[in-house]
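Chains here go by letter, A, B and C, matching the order in which they are written, and residues are numbered from 1 within each.
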């Protein structure tokens, strides 16, 4: 029999919009939002370095401008004697051209410096993020699926303890335990730096040497991130477990593993993925302490050095890169979310 | 109505008293539920201990012990009968530093959280309750502040404004409120849908009156749970900032102790008593707040309660 | 021995472990569904209908303890091996759930969700076979086959429930369990969805267990009706009889709670029953309906009444059936 012909069936009283908006317009909105945030960050940046200090020339050029003539020249070069709106315009123009000023310490353009120092940071944080994601998501899934079991109890307590720990302190403990050694236990791993002084970093030996140097810092960051990710994955999955569609999936005759992987985990990954993507935005900030503790010449250490100097051009560039990273990651997180979740996409 | 006697039961109880009774009953119920959370109770125990230590610091250890000029212990002396946790590079008792350090850590954590809560709750309420451009602008603002990277901002502020305790509090407060605001906003949005708010609107109650009377009391529980979790993060942040040397150099906190310990190379010289105890204290206090916050969330959030 | 019935539930007990003690949700239920038969289960919310339904595919929550027998084609579901159970699930018996609107996974297309059921129960199906089958199923429930590419949130409540019905019929089951399939829908849509479901089931000779709190709906659709109260069966019989001439006072109240077309008494029918069903955790001895029963008397208090056969194919659990009515009761009935 065919029920399609029945007119009563077609005209349901509820009316639902089939297509609300496409992914393209969702994407457009998010990009616009990101541009808005970027503008805001530029304003903050300008405010922090040109307005807040009172005498920007002294702040920005500290340590170099001795005579009034030098100061005037400096002011002219960077437009610091113009009214604020014009200064802001100059600032925007320079930033757009990638001109972030010259480092006072190193006497090279800040943009070069940042570019050079970016890679150790990306290597460190990238590796740790990948490791932490895989392990953390696994722990979260296993814990939530057998909630209250022994595995869950142990992994949750461990994650909570790691979560409560400053990551750099964990790093210090690892250096003490595995780098320096304690009691009669000898240290195994190098305690800092990215490579030994006498090896060529681009040779095979050099790559192995760098890997060896990265073991402790990567472990530190991995453990720190892992705590976050496993707790998030666990709670997102627990949120899903009460949902009706899982009962449907079980009723359909799927195996436990299939119900878990195809249905529960797939849905729980939505919030988890977003948070991980967001976290990547804090790459630069996240590495500051660990780079300090392990003396890894990345962006974080650069910023701490610049703070000691103080080297304001470097700090300003650093702040700009750090916030741009967050905004970019935010955008990526939104795009991934929209891509994974049809409720947002369609 | 003033002579209402509850025990007779025949005389109607005044509305205000009824509300109060109901609130007291709700608190009692909440506490009874909280008590069944073992991890929450452990957290509370740890927290009470550290609060007592912070409050009783002058009794537990004389503040004289903080003075570098009068310190007369051995330099980096190992733990002994006289110095239970050894001494630092200036010959001061690490235990004394630890006790006084708890004050700064807790104080900064709580003050920063207070700032964050006030801003976050206010903006969250406004962006959730008011539609139109007010709601939109506050929401945008929240989103913008959400992307300010915390540590870089702290470093920049310390370099521009100089290092101080106030700086630390300001940075933590300013960067942690957006999370709270978003939470409060979503709570407000769902409460706004409920009947009594609509009714209040229908009888023409003012907006701020409604927020104060209906919305705020209902979001309060969530604010409360969120506060506890924020304190945990604030204390962690304080420790990190002090460790990076962005805090007030004249005050001892757990973070600044760890900074000094790191600077003088406690790791390589093996003076573990200088670097392990402060870290353990931080972990314990942060863990305590986290456990309490999680237990509170579960007690106060019916959705979470249902799944347990 | 004759062929076993399609579904035979015998002396089923389900008890939930809760924070405030054991909660006996189902207490000694017997129920039979024959091939091609539609059996209704009626009862107020909380009387254990969904609990009963969940045991049919062994889907009860983890805090439930189940005893008794649930025989599907003669084989006990409750003691079956996992592999065997998974084969029975959906291919033997399928369920349309009460929480209709959330029963579909929000991140998968509905076509994929139907296809999943097909693939689980017959491996090696070709792509075109599957799409063809999905189109056919969606057409049968009155949906455009194009909708296979839609996500659940793009469908209305009624459409979602149609998808659930299509999915329930996908593997040609012998039994469909429908747990209040329309309660979450608009009144207008309810009737449409119900007729889609019952027509398809009748058409294919599929057995169905239809759960509802609305006796009048069941009377229209079902062959037999079982009335439950506080986890027990209080009346069982042919659908029309149970509705038009209930034996048990609770069945009477249910049947009176909804107006009967053409019945002059319906205009005066009580809107409902006073009071609430008892908390299963704190049952006083005796007939559990007694506290709300208009005919309750001292004889009701000592023990819970057994289900007793009163006429050909009719049974009820009430000690007062056939007893003469008191004058007071008679006058009350008169007004009712």
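Simple rule for what comes next: contacts are C-beta pairs under 8 Å (C-beta built on N, C-alpha and C of every residue); 3 or more make two chains touch, one makes a residue touch a chain.
The structure presented is a predicted model; accordingly, all values stated were derived computationally and were not measured.
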item: Chain contact graph, described as a line, ring, star, complete graph or other shape; value: line
item: Farthest-lying chain, centroid of Cα atoms versus that of subunit A; value: C
item: Chain centre separation in whole Å, for subunit B relative to subunit A (CA means); value: 24
item: Inter-centroid spacing, subunit C versus subunit A (mean Cα positions, whole Å); value: 52
item: Complex interface listing, subunit A residues touching subunit C; value: 1-4, 6, 8-10, 12-16, 18-19, 243-245, 247-255, 262-263, 266-267, 270, 340-343, 346
item: For the subunit B and subunit A complex, residues of the former touching the latter; value: 140, 143-144, 146-153, 155-161, 232, 236, 239-240, 243-244, 246, 258, 262, 267-268, 270, 272, 275-276, 279, 282-284, 286-287, 290-291, 306-307
item: Complex contact set, residues of subunit C against subunit A; value: 57, 59, 86-91, 94-95, 97, 99, 102-109, 116-117, 120-121, 139-142, 150-151, 153-159, 164, 167, 186, 188-189, 192, 196, 199, 203
item: List of subunit A residues in touch with subunit B within their complex; value: 33, 36-37, 40-41, 44, 48-49, 52-53, 59, 160-161, 163-166, 168-169, 172-173, 175-176, 179-180, 182, 191, 238-239, 241-242, 281-282, 284-285, 288-289, 292-293, 303-304, 306-307, 310, 312, 315-316, 318-319, 322-323, 325-327, 330
